[in-house]
Amino acid sequence: MDFYNIVFYLFALITVVSAAFVVTTKNVIHSAFFLLFTFFGVAGIYVLLGADFIAVVQIMVYVGGILILLLFGVMLTNKITDVEIRTGTIHLLPAAIGVGVFMGALIAVMVWTNWKSVPTEIPLTTTKTLGNLLITDYVLIFELLGILLLIALIGAASIARRDKE
Amino acid sequence: MVGFPILSLITFLPVLGMIAILFFPKEQVKPVKYLSLVITAIQVVLAIVLLSNYNYSAAGVYDEKSFQFIEKFRWINITGLSWLGNVKIDYFMGVDGLSTPMVLLTAIISFIATLSSWTINKSVKGYFALFLLLDAGMMGVFVALDFFLFYIFWELMLLPMYFLIGIWGGPRKEYAAIKFFIYTLLGSVFILLSMIGLYFSTTETLADGSKVYTFNMLAMMNPANSTQDGILSILNPNNLRFAAYIALFAGFAIKIPMFPFHTWLPDAHVEAPTPISVILAGVLLKMGTYGILRINYPMFPEITRQLMWWIALFGMINIIYGALVALAQKDFKKLIAYSSVSHMGYVLLGMASLSTSGINGAIFQMFNHGTITAMLFLIVGVIYDRAHTRGLNDFGGLAAQMPVYTGFVTVAFFAAIGLPGMSGFISEALVFVGSFGVELTRILAMVSTLGILLGAAYMLWTLQRIFFGPLNEKWSSLTDLDKREYAMLVPLALIIIFLGVYPSAMLDIMNTSVNSLVNFVSGNIDSLTISGL
Amino acid sequence: MSESLIINLSVLILFLPLFGFTTVIFLGKKFPKLYLFEVAILTSALLLSIFVLYAKLTFFNVKDIIAEFTWISMNNLPFGDVININLGVKIDNVAAIMLFVVNLISALVHIYSIEYMRGDRYYTRYFAYLGLFTFSMLGIVITHNLLMMYIFWELVGLSSYLLIGFWFHKKSAADAGKKAFIVNRIGDIGMFIGILILFTNYKTFTFDVIFEQIAAGNLPFGSEAWLTAAGILVFMGAVGKSAQFPLHVWLPDAMEGPTPVSALIHAATMVAAGVFLVTRIFVMLTADAMLVIAVIGAFTSLLSATIALTQNDIKKVLAYSTVSQLGYMIMSLGVGAYVFAFFHLVTHAFFKACLFLGSGSVIHAMHHEQDIQKMGGLKKKMPITYWTFLISTLAISGIPLTSGFLSKDGILAGTLAFGKLTGHWLIPITGFTVAALTAFYMFRLVILTFHGEPKDHHKFEHAHETPWVMTAPLVILSVLSIFIFYTPNPISPDAGWFMKNWVKTPTQVVPDNTRYHHMVESTEEAKAEIHGEIVHSVEYTETMHWAHYPAMLMSLIVAGFGILIALIFYTWKKVNADKLADKLKLLYKGSLNKWYIDELYDKTAISGTLNFSSILAWFDQKIIDGAVNGSAWLTRVVSKFSGWFDTFAVDGLVNFTAFFSGFVGFSFKKLQTGKVQTYIVFVIFSVIILLLLFKPF
Amino acid sequence: MLQVGLTHFLVVSAILFSFGIYGIVTRKNAVMVLMGIELVLNAANINFIAFAKYGNFGFSGQMIALFVIILAAAEAAIALAIVLNIYKTFLSVNVDEIDHLKE
Amino acid sequence: MANLYQSLELILPEIVLSLALVVLVTSDLILHKDKRLIPYIAGLGIAVTGAFVINQFNFSGFAFQTSSNTLRNYGMVAVDPFGVFFKLIVIASSILIVFFSYSSEEINKTIDRLGEYYALIFGMMLGMFFMITATDFILIYLSLELLSLSSYVLSGFTKLRDRNSEAALKYLLYGAVSSGLMLFGISLIYGLTGSTNLYVINSLLQVNSFNGFTFSFAVILVFAGIGYKISSAPFHFWTPDVYEGAPITITAFLSVASKAAGFALLIRFIKTTFVSFVDVNGAWALIEIFDWKTILVAISILTMTLGNFSALWQDNLKRMLAYSSIAHAGYLLLGIVVFSNQGLIAMLVYFVIYLLMNLGAFLVVMLVANKIGSEEIDDYNGLGYTSPLLGISFAIFLISLTGLPPTAGFIGKLYLFIALVDAKMITVAVIALLNSVVSLYYYIRVLKHMYLIRATESTPAVVSSFGNKLLVLIIVIPVLVLGIYFSPLIDFAKRSITILGL
């Protein structure tokens, strides 16, 4: 039970528990905040996995971008104090049981599968390598992502802006 | 032999007519009608030209060389496939003794039906366009010798028919049209499956010596062309030939219509407008039996021999069942429709005997039933046009009111019940001679003679209910036939009587071919000697 | 005088009436006088037939003149031979005589009808029909093969249908025509099958070829039973046309037609066609077949004679008498008295035609009154009619000096001989009984009609003798009922030209061992005779000679007895017929109502068929249509399209399939809830299901 | 067991994934559904990085994770736009009320 | 990255398309007053791209190899005739959609945003192009997302009716979940094989053995992502709602182009990843790690049955055509389940025909909706009389969709069924046939409404402009001609079955 393990369990706990709150809490603002914790937890896990750059990106994009977007979405569409009372189309209990079973199966798969495991140390800083890869091997993806962002920009703007009536 | 592609012409002339009609303005009703009339008249002329150049001693059936007026060229040709070799579909037309009578019949009935269509007032343009398309489809079925082509024509007539019933029909036209459509489509699905199976079981040797799968019907008939492992190949010990035979037979039987697939017929007939009933009964039903003779018989001789008795049995059931049900009808048209069921039974019975006289009789009966039933439906149309009812019990005593009409009705009815002197008698007699002559079907033939009696019963009863007895005053204003109706009925009556007196005119056309067919199906010809190449 | 002339003339005679028919039917409307043309044609046909008869009997007395051509020729696979269906003409003595008889009666009826039918709405058409009928009948007479026989047989059926139903506006007439045709068809089916049996075996329809083959020992399907069957089946045709039991019911109804038609068709020609047919196929009948024929003939004659006793309609009496006489002829053929059967056919044709025409004359005079109860005393008013009628009555009753006496006596002798040789005594007994009954009811008819006091004075006052165009045929026919035309010897026809020279029992027959085998052992020695001869007929002929005088005597006695009773009942009124009828109520009612045979048929066969057909129609509509439609799913979908579902959703199977297919469609529909989360759940489930289904652990 | 290995990361991912699914199918609010989707994407990302590390697959796993994060952002932008649009139209973002198109 | 230039050459059409997109966006900004030029620019862009695609027809090669050392790393993009074929399908349908949009009232009402509209269509096209050529999971996922994001927006683009927004939302949520599942599946495959490259995975599969269950799980998750694009059951649920709700031009585009890309991806995925070799007869030998055959047979049957049976109940023509397109996805899958070149040919042939007849049907629906503002079947009563050309054309399209001769649809079905029969999959062929019979009902029902039922109120005659008539004719004529003379099409398909990799 070394430090690494303890840190892992900590992050794992944060991630899982806050994720659970994200999907169960009735207040949408609370959900958003728990989501923040989840993202942090995941970022921590990335760090534990040696993906420091990704962890940073995770925080920057997810927390700085996506979460803010979501909050904006919440605010633009809800009164802040709105509480979700009525259950939706899918009743919670059957959904919980179903997802529980599904989760069990998934965990079983994860545990019992004979994954390729060749423990190697990944260099502490990955940023440079990733940067290189980004303009060599993955240049196509990189460019394509650019176009995708452009499209997303156009699309989001197009659909969200008010029409001239 | 004529110097031009007569079969293509006779088949596609109506299509040309249809295209021309589509360019007519909507209001121009007369020219459309006259154009159609001219087109169908030319068809009749072409049919006569064909007949006058016809070689009576050429057999056809399975032998390409003795087919006549052949037109054959590669239509679709795809080479260089890895495993399929070479996909080819021929535009292959030709006639022999089995199809020539049907070509004649189609031409005549189309012409008469065009005349009968004169009373159509609703969307005339569309009507005649569809009508001509239907005409082309029917003609094509009878002249096509490539299975694929055959199938295309077979399907081609489906839609025009659907619309002709569905748009210009009676009160329950939609129901009837859909029913017709579904039934026949179901039938053609069976045919399609078998066709594909046959395709993959038959190879044809091309000029360059390569063997390719083929849709050529004549090649399919030759066992020497079977592939080693095709699912319908005779060489394959686990072949599905029996199932394919049944599928094909069912597909055709729906068209005939054979009991128990016949229930679309009364509905379709009752709802269809008169000319369409005429076409339906006059030509369409024949396609079923023609298909069996053209495809089932020579392609599956061994199964045909095996199933003779069953075919005869169904023929018998058709005859008697149709007649009995006809006896209970109260609607004039429905009665005629069921009488068609009964009469087509004779065709089945004759075919089943697998003897020259029986099959001669069957084909002759196809022709005769075509003309006679056409006349019957025209007759129903005449009275329906005037009285707007077809209830048998609504009439009475019309003989006094419409003597000439009654005369034609009498001719048609007696022709239908097989009175000697009329064509129907000869064919029915030949059917019986054939089926009685074969021990297997003898008892069935004997039972089937009951049909003669029942036929007389329902026909005469009808005659009596409509025409005899005191005149129902309601109808005292009905007029007798007009000129156009004369023009429709007289030719048919003349044909019926002419062929009744001089049947050889028709029998000689088919005799050689039928002989050859019988020989072939009964296995009298060594398979190797008939190789088409 | 050449054979071809006779052939050509016969064919000409055949086609003359057809020509008349077509001309009149197509042009009759424009030229109403054309009926005269038809009459003229028939007259010329009559003259020609007289010439043919004369030529045949004089120049070719023993030779059959045959001419034929191939009508249809085709290979006959799988049997490997060629079928030639030949049509042809065979003029033997029988045909020549029949040609004459038919033409004569037809011509007379034509002439008679000029007056009788005058004023009818379809006057010209009537003559056209007569022409058509004559054509058909002549066709039967001169054909040399079974197919043509059948063809003309049916044509006769058609023309009789047209003529019986001539007054189609009367429902009863139309019914009668229909009934005649359909009942005849029943017989025809049998005949057709019989012909099929023969054709299948001999590949020809020609009589002579078939008989030759049979004589050569070539039996149908190699068995004698089939030959018997073929004989009986072909005979069924005769049962229909000649109105034999059980198909006799159409004939009395056919009296709905105009009376001259009854005279032509239902007395002399059409009904005689059956007898003629049996004479044609006589040589191929086996002993069993003949026994059947004899029994049917005897029974028919007895049955209808008993019915005739009580009928009050003048034409009905004659009709039943006709059936009875036809039964006689058939019986005669059955017992082997071929010549006498044919002889009786001829004589009966004349006197029965005369009777019918006479009754027509009476009806005409009485303004279409047909009930004999309402007649009486017409003797004074209509002398010519009376006397001709009386002569014919004597003839039919078998009183000496008449032709009827000769022929009837021969038949009775034949039955006696048959009884003696075979032990079937019931047949002669029936024969004599019928003779007595015939004499009785015929005299009853004469007495009630012509003698005594008129019952309906009003009608009586207006009654008068008919014009000469009507009486002349009566006279001619009654004269022909006198013996001198057939034989110089008034008591024995054997020496006469008819029997001796003109008509002989055919010599060529079925294999001898099949014939008369029931004639016990007495014919044992005859077997040695030459193959193909009617060896037994020698014995039979001898026995007939033996029976000749006893038969004559007895027939005279029974006829006299019959007449006596009639006189006692109706002239002298010693016995009150009505009271007697009351006493024998059951019998009387039975007889009056034709033994309820019509009703029986109605209740069983006819309504049975109709009910069955209604059931089938129901079955067709509900079950077949439902089930084969494959599914009512079709019905359901179709009906959903147009909203006819309610009418068409039928019970049982149909409902089930409808439910099932509807369920399938509906379940699919239900999946589409519109809620996207549901869809997502489905996706996840599908992933799991796919995984479980296709990759178990 | 307690020694952290590949499996542990995978289990976290599996749980996160399942929670994501749960959120997607149970939340009414469209925005909350979107949160569930983010959880699912995060779960996949953990997988990629964990596999890459433990399987010695190089940097491809991290690259993918990077791309997915960026893509998630784009998706979120679009999604939020659509949700806003929905709100404008229906005055509600309750997913289970937006079911006019069905059957 | 030695092969960068070669790679760029190989993706020239995509580059051109991207440039066109940029040009379009730029010109949209420039022409902010009058957008009427936009469609022409878009059309031109597509045409130029098309020219480059055609130019690529005889090219083949791999592009964007990664520097990994594993064997058979051919790169992220494969340019081959197969890809070109589908790109041409996309090009053809895009051009037609541009024409459609030009006539569409719906789109013309939002003329202000026309630039965005075409930009998004270009985005879709780009996504499709890369989906068609992608051989690496990263690219697959990314291109799929590119396509999806554009189409989410487009399906809610006009914002004219509630159902637009609803369609967009449903499509978005459904799509996001599907792609999330797919991503998760990809991560699992990555975990098992260590690669995202299809070729690498293929060679690993041939050599190593993997945990079959986990692998299958992953493949099914990936299939969920593809299956949702081709709207095959059970991943089709979005289809009817989105098709009904989206602007009709987009519906048409989704039903053809998007589906084409999905199929191209599916085929390439299967062929590249799971086929060990192709035998002399053209049959594909599958690696036995995942039972594609069973699963695809089941899915195709389920898809067509579900599509056809559900379509029976529809009264909205767009929705009915949506179900019909689901059913056609089932038929198209039949071409794959044969796992042979012949099946592939049949499928390609069918796709071309499907493109024509489906777009034709949508065009008619659109033209009618332009005038009468409704897609309900009852509003089609008597249409055959009021608008003969549209009526007849629609009839021909529907007949072709049913698969009756002499229309092209028949030829398509014929080839499919021939392939099935030859593969001895007769039961499947029979089921497919029976399905065609079922489909007849709802197609015929439309004909019934057009011809057999007279309009109760006076149906407004749908008088189309000359251009629209021409457009209809341009589609209807090939449908008829291909029913009679189709060998060029077959040849084309035959030459297009080369999928790089083996």
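Every chain is named by a letter (A, B, C, D and E) in the order it is written, and numbering of its residues begins at 1.
In the analysis below, contacts are C-beta pairs under 8 Å (C-beta built on N, C-alpha and C of every residue); 3 or more make two chains touch, one makes a residue touch a chain.
Note that the structure is predicted; figures quoted are calculated from it, not measured.
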item	value
Contact distance in steps, from chain B to chain E	1
Topological distance between chain D and chain E, in contact steps	1
Of all other chains, the one whose Cα centre sits farthest from chain B	A
Pair with more cross-chain C-beta pairs in contact, given C-E and A-D	A-D
Relative to chain C, chain with the most remote C-alpha centre	A
Identifier of the chain whose CA centre is least distant from the whole-structure CA centre	B
Interchain centroid distance [CA atoms averaged], chain A/chain B, Å	72
Separation of mean Cα positions, chain E and chain A [Å, integer]	31
Rounded Å distance, chain B centre to chain C centre (Cα mean)	38
Averaged-CA centre spacing for the pair chain C and chain A, given as whole angstrom	103
Touching two or more other chains - residues of chain B	174, 178, 182, 186
Residues of chain A whose C-beta touches two or more other chains	88-90, 95, 102, 109, 115-116, 137-138, 141, 145, 148, 151-152, 155-159
Multi-partner residues of chain E (each touching 2 or more other chains)	66, 138, 142, 145, 149, 152-153, 156, 159, 168-170, 173, 177, 181, 191, 194, 213, 217, 240-241, 313, 441, 448
Touch list for chain E against partner chain A, complex	1, 4, 7, 11, 18, 21, 25, 63-64, 66-67, 76-77, 110, 112-113, 116-117, 119-120, 123, 126, 130, 138-139, 142-143, 145-146, 149-150, 152-153, 156-157, 159, 168, 191-192, 194, 211, 213-214, 217
Residues on chain E engaged by chain D in the complex (per definition of touch)	66, 68, 138, 141-142, 145, 149, 152-153, 156, 159, 162-163, 165-170, 172-173, 176-177, 180-181, 183-184, 186-188, 190-191, 194-196, 240-242, 244-245, 313
Residue ranges of chain B touching chain C (in the complex, touch as defined)	172, 174-175, 178-179, 182, 186, 259-263, 321, 324-329, 354-357, 360, 397, 399-400, 407, 414, 419-421, 425-426, 429, 432-433, 436-437, 445-446, 449-450, 452-454, 456-457, 460-461, 463-464, 467-471, 503-504, 507, 511, 515, 518-519, 522, 524
Contact footprint of chain E on chain A as seen in their complex	109, 113-116, 136-141, 144-145, 147-148, 150-152, 154-159, 163-164
Complex contacts: residues of chain A adjacent to chain D	1, 4-5, 8-9, 12, 15-16, 19-20, 22-23, 28, 31-32, 35, 38-39, 42, 45-46, 48-51, 53-54, 57-58, 61-62, 65-66, 69-70, 72-74, 76-78, 84, 86-90, 92, 95-96, 99-100, 102-103, 106-107, 109-111, 115-120, 122, 126, 129-130, 133-134, 137-138, 141, 145, 148-149, 151-153, 155-160
